[in-house]
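Report on the following structure.
Naming follows writing order (A, B, C, D, E and F), and every chain is counted from residue 1.
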């Protein structure tokens, strides 16, 4: 009996953008020795494909933000000095710890809030949870976000769950974001621009009086591509 | 009141791989005249972005297979002369009509079967439905596929719905595919190889005794990339 | 005696743009097995070079139009619904059959006319010649085209022989093309633009009052690059 | 009098690899508004050139390591947990602070030592100098390095000054590096491989018994390209 | 009357590989000033397309060999020190003068022989014809080459006419080339490899006992790509 | 004892832009036979990396100008017909001989002057020194250039030493260049534009009244990129 007859295959689509394993695994080289002899230096294979998504980590936790995105967000934190960072989509939790570590290094008193419909994959050890709050909730239910109303400002709100995004953005504009706060859509703009260009342009234009795109960060990495918005002055 | 306050935004994620409109719209040039004067020929703008996904059509129906994929599938039909083509994922229905037209031109008596959980977007006019059958059904329920058991062979089974794919492939191997029949996974292999490389390799290897990859078609277009499998000889 | 001493070598230049064999040969893989085992899936070679010119076919006949060009011409046929298609350069004849099949599928009563100085390479079987006419004639002699004068409109005239092109275009404008008809120069514009840019711009500009470039199709594929012209309104 | 008649122009060659200003300046957009209106979202300019070298910073200090290099060195610190990091070439000092911050976050008791022939450009504020030592010294004089002999291990030695590199590497092997310690040559390998390939291969081969190239990090970024070496087991 | 009604258009195909004008014309910038002001230096347009074919010249004569090809042929002349250079295809004659100048500078007593079916386009002034001989003759008639039999060796034979190439190569092997002499096919190999790969491989293989490809020059430029052959040792 | 313990390694940085050996060495193929058999023609390795810097030569002397740069400078010599060419940076001396040979072929009575702080690497044989003068001098001392004051015009001044460039350019404008003369900065503009963009733009702008960039040559090769300046009309 061949082993394709296993009971069930996981649906790989559920991993898109996430990766199959929330825990970080250090790289293991299978096709070459890790210690390459220096008298054969000129023959060494190059292009390890090291920039692979599954490799990014922060202190042992998987990190689904690539180095260029990290560099741009570092700059945003430096400039804005946020008191609250909300991220929808927790997965392994690496980026929450990264946000906490960076703001702490910068001397900012900042709460980092992660929201996900399934926190079972979160790998943050208890010893690393200071200034980090986790909520299991459903992004399709806007009531999920009510507890955020009292959050300190400046505030950065990051959609990394990619579900019901524009209705959440509307909720945030109506009930949460103050002038200068950010709403960031990671990863999805290029896809939406390919498959739904008319809807996307129409939806963004709907926010023309309340948000603007920040041109310093909106093109700084492929993950942030045209998705960094700032709460504008209130129009009277 | 700004118009971001509309009641609801559609979730753009549901369009990924589909496009926002199942009906084909002919191209309209907004940034240049369609008739370009020949005494200014050297100044004409190039790179229309004409190869955009939303443009592909077959006789007025949107066609979510690009030209290279069409060329490769044409060759497969020519070689295999299938009596049945099953496609999961109907959307506007253009590719079903295309399969029907091509097999008819080739003189093949072929039934084309489309399965989708939502047939409301299908744009095939009644006058074009000969040799085409449509079923509204849920890919996550394998019972959906029971009626296929009596289909004529040779048979091509195309997964273009991307849900529960490997369990469907297992069902097809167990209950449907005869030697020489094809199971094709469109579009998804490169994504799965990026986000779940270990699972993907493991899942495919599980089928090693019952399927092989057909190297003539498995790299013929980006949509077919490493996703064309053929039912092998039965191992006794 | 070494075999370079054979009597005669064919002049390979005569094949440029044609290929050495007008008959289609299905692909045969020599450097890898066609059936690739799935437990070695990750090691499979990629980039088959499948998009090679010599591979394109339509129902077993070689087809010297690549998939992108086919997609664009499909769209043109859909929009114009031509009653006559003239193509200079027949070679194996695949594109004539393709034009006939497509117009027939679209329900258009269309005559397809192929003209070549050497019809001996034509591979169209007798059973596939309905609505197709073939003329052996010399493009350098404009009298060749006299019989076309009575052709039905709308009409598409395609130069795929690349000999005496602009004088033929002048003849067509003077004696054949009505408003809305097309004159298409395949393949050659980029070469002429490289080697004779001044002549090319001057020749095209000469037609400024009688033809315009159709920007929807003129950049849709590399074979059609800046070579799709439409008969304009008559200037009084 | 035109202003080319100024007394003196600085020699721009002295900036190669450094940049003209050791202090970090936040980006200022001069050719577009920073706040881009969302109803003109589709017209927004892209490709800001944001990945420009002069932009990288760490908490307000210029950082001459790009994001990919930071990601790779983060991984190395995580794996090795070094007690000492020596960097030749201080410039603004950003990377020293970055090394200190990262090792501290990782809970490692690590001394970071910067050596430069000109410390006047160093921008590290006094309040950020814990666990960081600075020495003004000349790399061409190996006596410079004597004080390092008592440093704690594991140890990482980074040449970012690019002067007398191989003699320093020899000194480090003879007097400093223990098994498992690293010697890293940043930025220069591709240049040397272009202009002095024979010398480079010969010099590296000379170290074949005492160092090996670590294939996990040696191709992880263009700045680390084939320049990460690890002290091997002593051969008896 | 529009001016497309001119009597005759030249057939642009006859210019392929030649260009429309055998005389060299110095570049004239039409879309920008030649003198660009230095206080607007950062705004200067780049990518002049200066490497355009029609631009290459040698001392005022058009030169249909690009700079990389010149560099490689310079090296070949240096190494071989030929006494005779035969080139089929003269056009403006620039490369004949270039061969003469280079061999003279190298102190080689070398005759340069140009053969073309139409010498009317040759632009070599009488004052520059020392050591250069011109023959008007038809490459399709092998008797054309009989007068070459007494030429001095070493000898380089270059096919830049692209007509009857392999029969001429056979004639040269049989009647002209001595061991170490070269037969070079310029420009055409990539085209023939695209359109007639089987014939090309078969024809070259026919010469396996009498010629070999010289790997130093056969890939040194795109014009020489896999087309530099050397007369091998006679097999007894 | 391993041989890394050699007394001294040369500092490879001193070779940047020069190469490790001023003498030209002909290419030797180590990884393939030079004579490739024609019956295995289709398997021949391609991409020899023949365009490598260390390969360029002129009549046996290394030539640190690539073929595209040679083509552009040839055109400049043809147009300007200079009586004096000054080059800072001699190294092997190949380009001095090349300048001398070209101007002589063009019938120009031209003196070629090479200046370097170390002439010991110069490989020009005594027999090739007609019309070439060599000075050992230090570019950082402007007095070095005093003897040039009497040079004949038109004059081309090339900075290929890359030391103190802008002060030398100022000296040349003040004391040497007449209207129409050229000052050329080779190789360095792209580096300076990367590492010191503000200084570079400011320094060039300082010369706005006395020099302009010649757009015919300033983008003709990567080595000349935006670095070809012409002495403008004197402003009264």
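One rule holds for everything that comes next: a contact is a pair of C-beta atoms (placed from the backbone, for glycine too) under 8 Å apart; a residue touches a chain by one contact, two chains touch by 3 or more.
Keep in mind it's a predicted model, so treat the numbers as computed, not measured.
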Contact-graph separation of chain A and chain E, given in steps at minimum: 3
Any chain that touches chain F and chain C: E
Farthest chain (mean CA position) relative to chain B: F
Pair exhibiting more inter-chain C-beta contacts, C-E or B-C: B-C
Chain pair among D-F, C-E or E-F whose interface repeats that of A-D, sharing over half of the contact pairs by residue number: E-F
Most remote chain, CA-based centroid, reference being chain A: E
Centroid spacing, where centroids are CA-atom means, of chain B and chain F in whole angstrom: 58
Mean-CA-position distance for chain B and chain A (Å): 31
Cα-centroid distance, chain B relative to chain D, in whole angstrom: 50
Per-residue multi-chain contacts in chain D, two or more chains: 197, 207-208
Topology of the chain contact graph, where touching chains are joined (line, ring, star, complete, other): ring
Order in which chains appear around the ring, chain D first, chain F after it: D, F, E, C, B, A
Complex contacts: residues of chain C adjacent to chain B: 26-27, 29, 32-39, 41-42, 44-48, 50-51, 56-60, 66-68, 70-72, 74-75, 78-79, 101, 105-106, 197, 201, 204-208, 211-216, 218-220, 225-226, 229-230, 232
Residues on chain D engaged by chain F in the complex (per definition of touch): 2-6, 8-13, 15-21, 53-54, 162-167, 170, 173-174, 188, 191-192, 194-200, 203, 206-210, 235
